[in-house]
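Labels for the chains are A, B and C, by order of writing; each one numbers its residues from 1.
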Amino acid sequence: MKKVVLILSILLLAGSSLIFASGNKESGTESEKPVTIEVWYSLSGKSGEAFKQRLHEFTADPAYADIKVVSSFSGNYGDTGTKVAAALMSGTEPHVIIGGNVAYTGGRGNFYAGEMVSSDPLFQKDDVFEGLWDYAVYENKICNIPYGISTPLMYYNKQIIEKAGLDLSTPPKTWDEFLVVAEKAQLNGNINNADEFWGFVVKDVPWLFKTQLSQNGNNVFEYVDDNYTVEAVFDDASAAEVAQWWADMAAAKVMPIGEHNNAENVFLAGNAAFFVGSSTKIADWSETMGDMLAAIPMPYFTYPSVALGGNTISIFPKKDQKQNDAAWTFVRYITSTEPNAKFALESGYMPIRKSAIELDIIQQAFQNMPMYKTGFEQLAHGWSYINTDNYIALDGAIRRTIEKMENGTADAQQAVIDAVKEFNIEAAD
Amino acid sequence: MSFRYSFAGKRYETIQTRAAYVLLAPTILVLIVLFIIPVIQVIQLSFTSLNSTTGTSKFIGFNNYKYLLTSPRFWQSVLNTTLFTIVKLTSEVLIALIIAVMLDTHVPFRKYLRVSFFAPVVVPVVASSIIWIWFFDPTLGPFNQILSAFGLPQSKWLYGKSTALMSIALFSIWRGIGYDIIVFLSGLQGISDSYIEAAHVDGATNLQIFFKIKLPLMRPVLAFVIMMGFIGSFQSFTEVDIMTPDGGPGGSTLLIVNYIYQQAFGNSKMGRGTAASILLFLIIFSMTYLQRKISDRREIRDA
Amino acid sequence: MHKNKSKLKRYNIPIFIILMLLSICMIFPFVWMFLSAFKTPADVYTYPPKWLPSSFKFDNFAKVFQLIPFGKFYFNTIVTSVTQTFLQIVLSITAAYVFAKLEFPGKKKMYMFVQSAMFIPAVVTVIPLYLMASKVRLVDTYAGIILPQILGVFTTILLISFFQSIPDDLLSASKIDGCGYYRILWNVVIPNSTTAINAAILFAFLSHWKSYMWPLIITNSTHKRTLPVGLKYLVTESSSEYQVMMAAAFMSIIPILIVYIICEKSFTRSLTMTGLKG
């Protein structure tokens, strides 16, 4: 008797949990209005807020009343990648992802976004800055849409620079010139009388490293044949020169050795003069640093160039064409001139369209926010390397190389050769 | 009707047998689904190159194992985990024992003391990790401030290659020590008064009593705590994932489970991830086997 | 409990002082969390660090709710923890009863089988469980969070040792009265083991509440996340805004602390039970 009760209650609970499960999946709203689409975004901080604001505006716009957007924050770039891999395996991927790697679309034969931008005149593909498409291609075919594109800026603390008596109206152009300025700032600019005061700190080491590689003509990866086989090429003399720079900076004691994870806090506390970071810091740090924050264009080796950063939009077409249309309408909306420009301004990302420059809000921003103008002008030198889904292996190899160089335990040329070797092993099956 | 029967030399009763199987069935089912099948799959997967991004997978024999056993990163994570475990366990057990002995004496406000020592255990790991991240901040956190107030040199805590792992160990000790204290305390309090009084009558000092009577009687409790602590800290994941998700400066805080997670869910290389988890299992298994052997031998010796 | 016969009224003051100092070290993080939850960014990003907030406003708490659906996380955690605990305890009780009090062919082998499950580190089964869950579309669902975590070998073994200590006479008495084995479990074994069962429930509930790795892997969307996972995303969302993180930590910790202080005896008892069974 009791056994029956026991078994029944077990079944009941198992059953209700499964009901829970099915009740929480988005049931396809095939033939009823409005159409529901699922959007993931890996934008946080001010960028996240800026994006959510566009969502509000989209929802409030009566022209799009028949589209319902269910959005969720999918974590940082790495976490999002995990989620996407999971979703693709179980067929539960969303319609749109802001911040997906091209490996998930182009790498899986999904060039839907590319087809749409070329075939839909309303999208106005030519209005988008050409260089940005490089950030969204797989094997040279467009598969994503650039959305939140950032350039790295050389930020500085105005208070420190003033105290050091420096004038940055003609900023240093090359890394050699920059070193001189950073050293002077370190010598005379210690506003907190801190025990440890630095001229230059950076958190995202791989991004700066790749930027510097491009400034020396090294493209990180190259296609070696018509089958788009990719080879890592950051082991030549140009790369060695970049690696050596890190050793020199550490040796000059103008940059702390190996403490990159803490770089942001050090800079925010006023214990470092210069900091390399994304243009999104303009928005993210507006409260904490306010007027004290300023920026100069990124110094360079041989010629000016910056590695683009940020995120692109991935679209996953489903069987239901109505959903695909809704998703495309949404994507087209957020990438159109004004919404995208507003998003850019509020987040520190750059607008993707040439027509954005004509907008009043952008013109005003250029006047009132010189940092933003600097970031924008760098777009002209924007560069992207060939996307790889082994980016963790790539960044890891770079970090370990830099660590060796900073500690003075390796020869630059050997270090980069080892880096490529390590990458090849990690990236192999 | 209930019948007796014999099977393989033992006597059973049909109704009892049936009841046993019925009641045991759900557990066995769960064990098969959540344990047997995954273990078989893990072994299978470790011989493939399953990549969860591209969805491709092919049989590659022992390549994953070869890769792991020659990978400096993997060995670094093993080293990190071992170092972490040793430091954490020894400090935690020693300090916990001392505190438990102190708590066992006649002090007021016992309940408050117990609660305060045990509170860190109860509190969710993630929440306390968040607090400690701030503590460890070299510029904005209070730890360095306190150090300099005492005239001691500042530390880089989570951001220095030589200090990061120990910082996480410190946090882990703070979190785990309450459990050890409570267990030791009840072990101490379980020691019969008659032993203690007899020893007092014989003129033994408190220190002698502790080392000659209490400590030996605590051995099983100690062994248990150490073994559970060992298995537990070898599988640490959450602290590192919250505090230094990228493995810390120079990979110095990357523990084995974090390494597995990185390979399987970061790099999408599930083949490597499963092979690494099998290696982890082998390590833990051999350690516990060794420990069992040692304690068995000691028991035989003592008997 | 032994009594200190000598000098009942004389407390050991020096040791007490040491213990108090140590206990302050232990609870210092919570005090810091409490104070810092009210700080403004200016309070936080100064050097040297400030200890006291400049005012006691609730801005940070509001910000937490803006950044993440905190209430939903709480709800998810409660739902999943309760369900998991219930299922796990049901399984543990039935299995423990069988091993403690019943005889049947293959018992020894089964017991070893159950015990061996304890030796597998959780991370080993995580990957295939995850692949299995994706195939049956349980990714990002409550069932997906709950079902793979209902295996509770520890609670089972705990209950086994406790059930074994119930005198067999009690059971034979009921048998004579005509009870079947199921009724014995329901009417005799369970009522006599409420302490142990409560201890097991507490233990199971606590570990499910704190469970991190599996929910992290199995949930994709924000509204399915449990509290520990949601907090982690707060760390990413609010980047270095320590004071907001403190507010979130505060809201996660305080309820548990309060529950703990109230039920302290049971907590302690449940832990010593699991501790002393070697």
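Please note the rule applied: a residue touches a chain if its C-beta (ideal position, glycine included) is under 8 Å from a C-beta of that chain, and two chains touch if they have at least 3 such contacts.
This is a predicted model, so every value here is computed, not measured.
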item: Chain pair, A-C or A-B, that carries the greater number of C-beta contacts; value: A-C
item: From chain C, the most remote chain by mean C-alpha position; value: A
item: Between chain C and chain B, distance of the C-alpha-averaged centres to the nearest whole Å; value: 15
item: Distance from the mean Cα position of chain B to that of chain A, given in whole angstrom; value: 37
item: Where chain A touches two or more other chains at once, by residue number; value: 3, 6, 10, 82, 86, 89, 194, 265, 269, 271
item: Touching two or more other chains - residues of chain B; value: 19, 23, 26, 137, 139-140, 265
item: For chain C, residues that touch 2 or more chains besides their own; value: 45-47, 90, 94, 131, 180, 182, 185, 217
item: Residue numbers on chain C that touch chain B, as the complex places them; value: 1-4, 10-12, 15-16, 18-20, 22-23, 26-27, 29-30, 32-33, 36, 44-49, 51, 90-91, 94-95, 97-98, 102-105, 107, 110, 113-114, 117, 119-129, 131-132, 148, 150-151, 156, 180-182, 185, 206, 209-210, 212-213, 216-217, 227-229, 231-232, 234-235, 242, 245-246, 248-249, 252-253, 256-257, 260-261, 264, 267-268, 271-272, 275-276, 278
item: In the complex with chain A, residue positions of chain B that touch it; value: 19, 22-23, 26, 49, 51-55, 58, 60, 63, 67, 71, 73, 137-140, 154, 156, 158-161, 244-246, 248-251, 262, 265-268, 271
item: Residues on chain C engaged by chain A in the complex (per definition of touch); value: 41, 45-47, 68, 79, 83, 86-87, 90, 94, 130-131, 133-135, 137-144, 146-147, 180, 182-183, 185-186, 217, 220-224, 233, 236-240
item: Chain B partner contacts - residues on chain A that touch it in the complex; value: 3, 6-7, 10, 78, 81-82, 85-86, 88-89, 103-104, 107-108, 194-195, 258-262, 265-266, 269, 271, 389-390, 392-393, 396, 400, 403, 425-426, 429
item: Parts of chain A lying in touch with chain C, wherever the complex brings them together; value: 1-3, 6, 9-10, 13-14, 17-18, 20-22, 24-25, 40, 44-45, 48, 72-76, 79, 82-83, 86-87, 89-92, 192, 194, 264-265, 268-271, 284, 287-288
